[in-house]
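Chains here go by letter, A, B, C and D, matching the order in which they are written, and residues are numbered from 1 within each.
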Amino acid sequence: MGKFPLFPEQASTFAPEVDHLLFFLLAVAAFFTLLIFAAIFFFAVRYRRRSHGELPEVQHGAMTLEILWTAIPFGLTMVMFTWGASIYFREARPPDDALQIYVVGKQWMWKIQHMEGKREINELHIPLGRPVKLTMTSEDVIHNFFVPAFRTKQDAVPGKYSTTWFQPTKAGKYHLFCAAYCGTRHSAMTGWVYVMEPRDYANWMRGGESTGSLADDGAKLFQELACVNCHKADNHGRCPSLVGLFGSTVKLSTGGTVKADEAYIRESILQPNAKIVAGYPPAMPTFQGLVTEEGVLQLVEYIKSLGPSPAALGGAR
Amino acid sequence: MTEHIDSTKTYVLVFVALVSLTVLTTAVAFVNLGDFSVVAALAIAVCKMLLVALFFMHVRHSTQLTKLVLAGAMVWLGILILLTLTDFATRGLAGVPGR
Amino acid sequence: MASHTRTETLALREQFDTEAQQKDASTLGMWIFLITEIMFFGGLFLAYTVYRRWYADIFAVTSSSLNVYIGAANTLVLLSSSLTMVLAVRAAQLGKRKALVVFLILTLLLGGVFLGVKAYEWNQKYVEHHIPGPDFHFEGVAQQGPAQLFFSLYFAMTGLHALHMVIGAGLLIVLIALAAKGRFSASYMTPVDVVGLYWHFVDIVWIFLFPLLYLIDRHLGR
Amino acid sequence: MTPAVDVERETYLNAGHDLKSWLLTKDHKRIGLLYLFTITLFFFLGGAMATMIRLELMTPQGGLVSSETYNKLFTMHGVAMIFFFLIPSIPAVLGNFFLPMMIGARDLAFPRLNLISWYLLVIGGLFAIFAMLAGGVDTGWTFYTPYSTTYSNSWVIATALGIFVAGFSSILTGLNFIVTVHRMRAPGMTWFRLPLFVWAHYATALIQVLGTPVLAVTIVLLLCERLLHIGIFDPKLGGDPVLFQHMFWFYSHPAVYIMVLPAMGVISELVSTFSRKPIFGYKIVAFSSVAIAVLGFLVWGHHLFVSTQSVYAGMVFSFLSYCVAIPSAIKVFNWTATLYKGSISYATPMLYAFGFVGLFTIGGLTGLFVACLGIDVHVTDTYFVVAHFHYIMVGGAIMAYLGGLHYWWPKMTGRMYPEMWARLSAGIIFLGFNLTFFPQFILGYLGMPRRYHVYPPEFQVLNVMSTAGASVLAVGYLMPMIYFIWSLRYGKVAPDNPWGATGLEWKTASPPPLHNFDETPVVTHAAYDYSTVTGEGIDFG
């Protein structure tokens, strides 16, 4: 059997926060559980039925008591709500300087791609002390990227991107689970997250064959799929130029505007006619089925590498 | 229930109102009201529903309970649609994909 | 031992004390059943609302492919069937057996006309390859997926409505048979009243389906 | 040995002996027994699967069954226990039997509809059993898309149809109860003289009627998507898998209140009868039931906190989830306050009531953990959630169901159950239950995901403890099965009112005549007025 822990490791900035909230809730729960169990036990013994025809005096209820045990629980729950909501809100918004990593869930494995081009299956190597942002999607069913030691969990849903982030605080090797039931080998879709000292992380990153960064793979794919024929850099091809596209606001043919984030770029590759740029014909064919989710992520990375437009650089956030 | 029987004239009048509302809603659909075309269509449909319910289904003479039951259904339909829309309407507001 | 040795009649089942109590119970029972139907269709209205918000333009184009005049005419047919139904209920309340049978038959016929027109429209959709499935194709829209989604919702909602019409027609046939045999009187007409409520409900569902499916942004003109 | 019933009095049991008198009965009491038989079958079916699951989880590498079989086991355990045991259990057995008697009626408003409801449950059950025997379904009882519609090649359609049909049994039972309570109360039985059991079933009926149809239409869309690939939930064709989760949980969260509200009704009866005192704050407890039913419809989004639901929707649902917890807390405080200065008997039903109040408190409080956004991100889809809902459903609903079964057994069968054996099994169940599910809280927070048949070695000790508890629990559940059947033949003949209770159902004979009362009773007193009851209750000390 070996050692069996009763409490999970704290390996991210979220862990202590969530654990403090847990201790507060545990305290409240323990108090009320003991209160109820003690009251039942004491009343059951103190007022046990002594004689057969005994008829206790009738008390119908006291409104003051009712208000008391409505207001106090409500007050406590509001504290729990606001405290929990604040953590949730921060957990939902990754910092801007986070290390971007792409994760693709596929029936029964996690395929992870680093910016520098390194690819991993069911293993994630990240540097200590720096926030890491995962942009995730799934190629088939709903999966869920769950690292108990970081106290974070987020679905990877097919057809859209989802985001989770954490900042590791302790080097080590932590469990990675798939927490959304995804079929036959759901319980085998597990792996490890290695949090390494920055020095070791850099060596690890340099090691192994380096086939160039993700953006280079994206550039290669950009050529192979002949995107370059239309999307010329100098903006007088039949299609909009992609230089400086990421982060900018795009005016659409329907008059609306949309922020060119990862989701917009992915949608424009797989369903180009969903949002058509103002002033351009809906001429782009769909690449649904011609490029895998990893390929789309590589193209996104390549388009990002074409530099944010000057406006976005100076703009808010 | 049976003590109050409406006259045929009432029913025919209500029928005429329903027919005219149908013509109205079809006509309104051809006018560009932007977002309000949905509101107009639903408003007319709700009017027709109330006409059918109050007159044809005798809700007018019914007990308070029947009215409460009908109102309850509308509220629950509202809960189903509006609370789900709290999710669909605010997706992406946080500026983070999937949140 | 006196209270429950009396014989049970149609108008007064043995678990009730008075006929008024039984009638109120039956009416309340039908109203609560209609609530379950409202929530049943409500699920479809939710899916419609969500996907119309997502694909407003495509829904507008696909909705315009439906023939609005047939839809409007069909609505009038159903409204008139509601009129004849309520006149049937009125005739039952007054104990006029012949008028009751005539109005019930009229309601049945109008219901049949509605279903006939519906079948025609569906066949039209079949011919135009608009039925969701492998050979679905809709001209003039950028994405086939959402277009097929509209027609999936269209066939789900109108199909479910038509199914409820068929059930209503079956109930009407039973009522006509019983009415013809004189089973109903001014004091016992609950089944007519209850089927009337059901029929009017099915009409109200169509009152919402018609604008939501047929009249999306018709001003765009296609 | 035991004196036979002296005069051959006409009761609902000897009013007909052939199969037809049972299978075509319109008597709400016989239909209650039909349901009792049906759901007991499904309880032991689900229980057998639970045992297999716990045996599988004894070892980290889980060698007992393959992963496919394990997935089918926990799916069928969920489907059988929820749709075919817990949802019908108290409303269909005890509710059908006693609601009409408690309000002084001869039967429900629509007896034939009541029989149709039983047949619908049986037909739905046969679908589910067919699917299980033919190969089982492996989607989990939640049927999440796109796995259930596109990637699972197991008997999804047959099981979904079974649940669809069984859903209408629940809808029609709810409809029957609402009309009965509104239209068929005996003279003098005003709303605030109704027993709290009736209030709880009225609130449950509201949920059954307003929620179940949405599950029905969700299943219809699931079937259309699986058969025709129309894209309603398929992201490749423009659909949204999260919309399925919204529509599924719109019903499935109120469904957990369908399971626990009737249990609360039973507990209100038991606590009052065995303290020989009216419930503390009767009106507050009655309105709490309705409040739970109404608020229960506003909270389903707490199942979607990590499924790419928007942050703002998560906050709305978390807030509303805390609001629905308050009425449950009020009820627990009122039950406990009822014991104060009471004359408390330790008869078996009261032991189950003590067990319920204690374990439901833990279940409810851990509900606050999973409603809290910060913590739910960590604990959702882990064994913490499994432990939470088992504390409410097994520690709560099943304990109350067994308590109610023991409490009304004399009235239903005219025989007393063996008191000492019953107390022993109640104790075994309480211990076995806690040993099974409390370690799962710790496992959950450690991060063991649910629906895993293989897990890291460091979780093994807690899993072995849980499996040990499960075997004790299994023994605890087998004992009532045995001595209840034994009591039909050898149990002491029960008087009309063995507990000195105040309900109308105790004013008639045990077992009751075909039409419940010789004359329709007239109610003149409040619900729990023990001064009116002559003290002939057998003393259980």
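Criterion: contacts are C-beta pairs under 8 Å (C-beta built on N, C-alpha and C of every residue); 3 or more make two chains touch, one makes a residue touch a chain.
The structure presented is a predicted model; accordingly, all values stated were derived computationally and were not measured.
Chain centroids computed from C-alpha atoms place D closest to the centre of all protein C-alpha atoms shown.
When C-beta pairs in contact are tallied for each pair of chains, A-D comes out on top. Most remote chain with respect to subunit A, judged by CA-atom centres, is C. Per-chain CA centroids place subunit A at a distance of 36 Å from subunit D. The distance from the centre of subunit B to the centre of subunit C, each centre being the mean of the chain's C-alpha atoms, comes to 15 Å. Taking each chain's centre as the mean of its C-alpha atoms, subunit A lies 45 Å from subunit C. With centres defined as mean CA coordinates, subunit B is found 40 Å away from subunit A. Of all residues in subunit D, those touching 2 or more other chains are 182, 210, 214, 236, 240, 242-243, 246-247, 308, 311, listed in ascending order.
Within subunit C, contacts with two or more other chains are made by residues 24, 28, 32, 35, 39, 42-43, 46, 50, 143, 145. Residues of subunit A in contact with two or more other chains: 92, 154-155, 157, 160, 162.
If each chain is drawn as a node and touching chains are joined, the picture has every node linked to every other. Interface of subunit B with subunit D (complex): residues 65, 72-73, 76, 79-80, 83-84, 86-88, 90-94, 98-99. Residues of subunit C that touch subunit A in their complex: 57, 142-143, 145. For subunit D in complex with subunit B, the residues that touch the partner chain are 182, 210, 214, 242-243, 246-247, 250, 297-298, 300-301, 304, 308-313, 316-317. On the side of subunit D, the complex with subunit A involves touching residues 67-68, 71, 138-140, 142, 144, 146-147, 150-152, 235-236, 240-242, 275-278, 280-284, 305-308, 311, 314-315, 318-319, 322-323, 325-326, 329-330, 332-334, 336-337, 339-346, 354, 357-358, 361-362, 365-366, 368-369, 371-378, 380-382, 442, 445-447, 449-462, 530-531, 535, 537, 539-541. By the touch criterion stated above, subunit C contacts subunit B in their complex at residues 23-24, 27-28, 31-32, 34-35, 38-39, 42-43, 45-46, 49-50, 53, 68, 72, 75-76, 79-80, 82-83, 85-87, 90, 93-94, 186-187, 189, 193, 196-197, 200-201, 203-204, 207-208, 210-212, 214-215, 217-219.
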